[in-house]
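Shown below is the structure under consideration.
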Amino acid sequence: MLRPYDRKPYGIQLLMTGYILQRLVSLFFVLLIVSAIVFVLMNLVPGGPFTLGERGYSEVELANLNRKYGLDVPVPQRYVNFLIGAVQLDFGNSFSVAGRPPVTELIARVWPTTLHLGLYTIIVSFGLGIPMGVVAAYYRNSWIDNFVTFTATLGLTVPNFIIATWLLLVFGFQNGWGAESKWIIPPLFGQGPALLSWDYFLPVLTYALAPLGLVARYTRASVSDALSADYVRTARSKGLSERFIMVRHVMRNALIPMVTVLLPQVPNLLTGSLFIEVVYGVPGLGKFFITSIFNRDYPMIMGLVLLIAAFWGLTYLVTDILYTLIDPRVRVFGRRNA
Amino acid sequence: MAGPEIIAEADYLNHPVSLRAQYKQRSLWGDAMRRFSRNRLAMFGLGVLLLLLFLAVFADFITPYPYDQADFSVVNLLPFRDPAHILGADGVGRDYLTRLIYGARTSMLVGLSVPLFAFAIGVPLGAISGFRGGRVDFVVQRIVDIMTAVPPLLFALFLLSLTGSGVGNVIFVLSVTAWIEPTRLTRAQFLTFREKEFVASARAMGASDFRIALQHILPNALTPLLVSFTFAVPAAIFAEAGLSFLGLGITEPTASWGKMVGGGVGNYIRVYYHLALFPTLLVALTMLGFSFVGDGLQEALDPSRSQ
Amino acid sequence: MFRRRTTLFFVFCILALTLVPLTVSFVGAQDDNVDVYGRPLPEDAAPYEMQTWQNLCNSARTETTLASAVSVYQRICDQNAFDKFGDSLVQLDENLNLTPAAAESWESSEDGLTWTFHLRAGQMWNDGTPLTANDYVATYRYMAEPDHAYDFVWMWNGIIAGWDEAVAGEISTDEIGVAAPDDLTFTVTTAVPFPPLPGTMYFWPPLQAAALEEFGPDYMLDPETSVSSGPFQLVEFVPGDHILLEANPDYTGYRQPYLRQISGIYGDQLNASFLAFQNGDIDAVNYSLLSPADLDIIEADPIMSENYLPNFSDFRTDYLLFDTFNPPFDNVDVRLAFAKALDREAIVANVIGSNLALPAYSFLMPGFPAADTEGELHDIQGYDCDAAKELLAGAGYADGEGFPAVELALRGETESIANRFIASAASISECLNVEITVNNMEYNAYMDALRARPTTIQFGAVSYGMDFLDPANMLGVWVSTGRHSWRNAEFDDLVNEANSLVGDPEARLQMYRDAERILVEDVGGVFLNHRIQGDLIQPYVAGECFRPDAQGVSAIHWGNDWCWGTYYITEEVLNHDTYRTE
């Protein structure tokens, strides 16, 4: 609990910058090792980016093919070349898309769809989940509470591809993703996916159920904890208004555990769910991921993995910083943390 | 909080009991059991669990047909039409009820093995890491960091492509991604507890590290570990179902709910709805059951938590 | 006075008689539906603006090109958009006879080693330059280019002179056996006599030598640099999103299209094609994209069932293969036992559907040259469970005892195809009491494992369809240098000899028949079914191509480039809600 005499120690700014630097360096090394692991695994997996035709190839022909895809270079050398390019944010050209566009360009083309879905999912799950949790905590053990808990559990436990299957049973499979006839709000700047489209309803609904459940439960727990705290009783007995108590004391204290648990959901949602995209046929990052693996599009796979890993790493860092800012008693740096 | 105990004491005052009962030890587990049994949802979940275990173990005896027996004349038979195949048949003519029951076996097998392996690796690793600290801790923490950075599904896909499909390989691959959580949890527990006074006093009495870890810290750490295990089981079932749904993992003719769902989506949904509907219901039921048990267990073992 | 009036009257009559028809025809001509070539569309055709064809492309595949000369396995939008930018030298008519296309005639030399193709005069690229034999020469040279690493390079291995050496980089591609003595003559020199050579030419429309030189093979992906000597030209292409072709007004070849436009939209082709079809978003669906559930719906629908047109397409056969170099399948009795334990008829009737397949007892499908149309080979691998059990017992595995558990590997098959192989495994294991698990591997992983020497696929399932209409192609996949772990010297000799036998087509076919008999008896593979393929088309799509051929099936099949000149949309489309009216 926050008490008035908790203050941030002097010189925290310096510590903060040092901490951020330390974390960034650590992230860099993690990415390095991750890229090495994925690179090795990727090249160990049988099959390659070219289709082994029905009639096969002779030694010479295979050599030609390998040379064409840069696979005649030994793996360590290839990895080094990749690293040199990666530092300049050049991940090479995709093997599987016509015209061999650069990987970064393709990701930029495909990610917006997933981002749209992810953003809507975040809005729905947090926008509904937090009020639900707060209300449930406030009216604890009433029918509202039971309803919220039940919905939350349902959304959280049932796998999203199962829910997607049920929704498809009810609504039928939708085709023609991105068709202009389904647009509600056209794309921003005239390019890319529509800002809002009928296409998004089922995927967002399905995708949002699990985070909604998580958010609702944790909000309920945090708020409920905060509500039953001594100082709230004190504040009430002092005659402060409910609203003042809720906003000033309860929410602020409830925010702390919520941030640690819920903020990591954000990168998860923004990079999309493979299952959702496969079941609904969404041409997004997740589906691209899977097709890249099946097509053995090596540059694409490396680019995607590094991008996503970096994204997550940075988000964890932001979470930790936010955590520190919200709760001044916590020092995630300068002392070993659990 | 203070609720149930007060009532019990009041009861005691009104209904005096024998001296022996008066001094009966109220153990943690006894308390937990009682609280658990009063939680209706948790009992429901437990019932589901036991039913599944029963199905999994006795599948050979209760199913009307062997799971790989194909009767080509009933391909894609819809349910409730033929009493010989009450839940219909799949695309190769195998009885669906049989396949669903055997699917329970696959799910339970994977669902129980993966957390077992994960905890068998993770708990000792986390214990050493948290208790000893130093270099071991540093290395373990780095490995955990790296494993968290790799998208788990991608890793699983790669590993499965390397190892090939099959139940054993799926268990192996899922265990590789699953050991992180128990490691982290155990480490956190050991980090917290090693600062406590009772550890210091045990050490002062000359107890070895191993003895301290096993006899003093572990029992206290057990509660969250147990709860985590209970949640790890449905997570493993989900992962297996997901992988099979994507077409990897379990090979034919082994039945897997995930694979059955995967084979029933797309065009089949509108006509042969039973192919997707029944396995999804079972997966949902299983996950819910485990969830309720996990929640109930959490509440029973640590009622001060308000969730 | 009278005379003048009569003269005037007569003059007036004559004028009227000449002018009225002219006026009428002029006014009438305004109502005529004409295409971009000025030809009137058929009577029942919809207005020219509605003469479009749209299909659903697969967004999950690797796609790099619009021409088979650049890549066969990575074609953009399957069969719908590619190879529309030029004419091959030859093509097949509805009865699978070779007919002229860009070449109006061809002949071979006395020794059968040189083939001369005479191009039709007057063919132009739509940038104004003439189509010459040099373009074809450049195309074939490009296919042999080592840096190109062409994925169909095996096609002329050992056939075109100097091909193998050029591919290996030993000689320049300028020295391979293709030449253009003059602008309208294209010659091919072969290393050995190869009678089916003209048929192999059908696959490859030409690339423009100049554009290839300047921009490389990707010239055809960008409307700015793309040139066409064929019926269509590229208007728009956004990879992964859509592609748009329109009729090439400068085309003077044999298949001027009625269609104004061909378009492709990208999506979940495997799961959403039938739905897109029912919504009127696309005009045709291939059988491979229809699940049994969809086929049930089609069968029950009076209109759709009439518009599902079966055809033999590439004469594809599904079969099981073995690693015959290692136990337990090194014993021909074991293989034969497996063959005879397979109840093809029941599987075809129930699991696949009789309208989608014929039970197969040999490799070549009836309708293909040298196929077993009399059924002489049926009994060799025909279903006989008792005989199968006896054979297995004779091999030392009485009642399946001691027989190792085997894994049947599938090549990344879709659900409906996988089911027939799972059913096969079930049929065999039930009859012989052996344990068979089924593993649906990824396509590339499977082929990798199959071609590994030694192979890691002990027991697998696969299909094969023809590349050109000759047994040299189909049976060629079974020779010892092929992908199968099966070797039979007699078979090899027969096939190799027949491949270059000139002058006696009947003897040649008989040699292929004998070879197939050896294949069946020595059980190189267990043959499950021949596929009856098909397309579901919208009721308002019409064309000469759809009328039945000599076999009673529709004329759409491999090599039917001329069909694209015949498709048109009928007025019926006005009664339907399609993408045209959105």
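A, B and C are the chain letters, set down in written order, and residue numbers restart from 1 in every chain.
The criterion applied here is as follows: contacts are C-beta pairs under 8 Å (C-beta built on N, C-alpha and C of every residue); 3 or more make two chains touch, one makes a residue touch a chain.
The shown structure was predicted, so the numbers you read here are calculated from the model rather than taken from an experiment.
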B-C or A-B, whichever has more C-beta pairs in contact:
A-B
What's the chain with its C-alpha centre farthest out from chain C?
B
For chain A versus chain C, what separation do you get between their C-alpha means, in angstrom?
44
When the centre of a chain is set as the mean of its C-alpha atoms, what distance in Å lies between chain B and chain C?
51
Approximate Å spacing (C-alpha centroids) for the pair chain A, chain B:
24
Residues within chain C bordering two or more other chains:
271, 275, 442, 445
When you check chain A against every other chain, which residues touch at least two of them?
45-47, 172-173, 290
Counting only residues that touch at least two other chains, what does the list for chain B look like?
161, 265-267, 270
For a test of understanding, state which residues of chain B touch chain A in their complex under the given definition.
142, 145-146, 148-151, 153-155, 157-159, 161-162, 187-188, 191-192, 234, 238, 241-242, 245-246, 261, 264-267, 269-270, 273, 276-277, 280, 283-284, 287-288, 290-292, 295, 305-307
Residues on chain C engaged by chain B in the complex (per definition of touch):
270-271, 274-275, 290-294, 296-297, 343, 346-347, 349-351, 407, 415-416, 419, 422-423, 425-427, 429-430, 437-442, 445
Within their complex, chain A touches chain C through residues 45-58, 60-61, 64-65, 67-68, 95-101, 109, 172-173, 175-177, 180-181, 281, 283, 287, 290-291, 294-297
In the complex, chain C residues that touch chain A:
59-65, 72-74, 76, 146-149, 151-154, 157, 164, 167-169, 218, 221-222, 237, 239-240, 265-268, 271-272, 275-276, 279, 281, 442-445, 447-449, 451, 464, 477, 482-483, 582
If you look only at chain A, which of its residues touch chain B in the complex?
26, 30-31, 33-34, 37-38, 41-42, 44-47, 153-154, 156-159, 161-162, 165-166, 168-169, 172-173, 217-218, 220-221, 224-225, 228, 271, 274-275, 278-279, 289-290, 293, 305, 308-309, 312-313, 336, 338
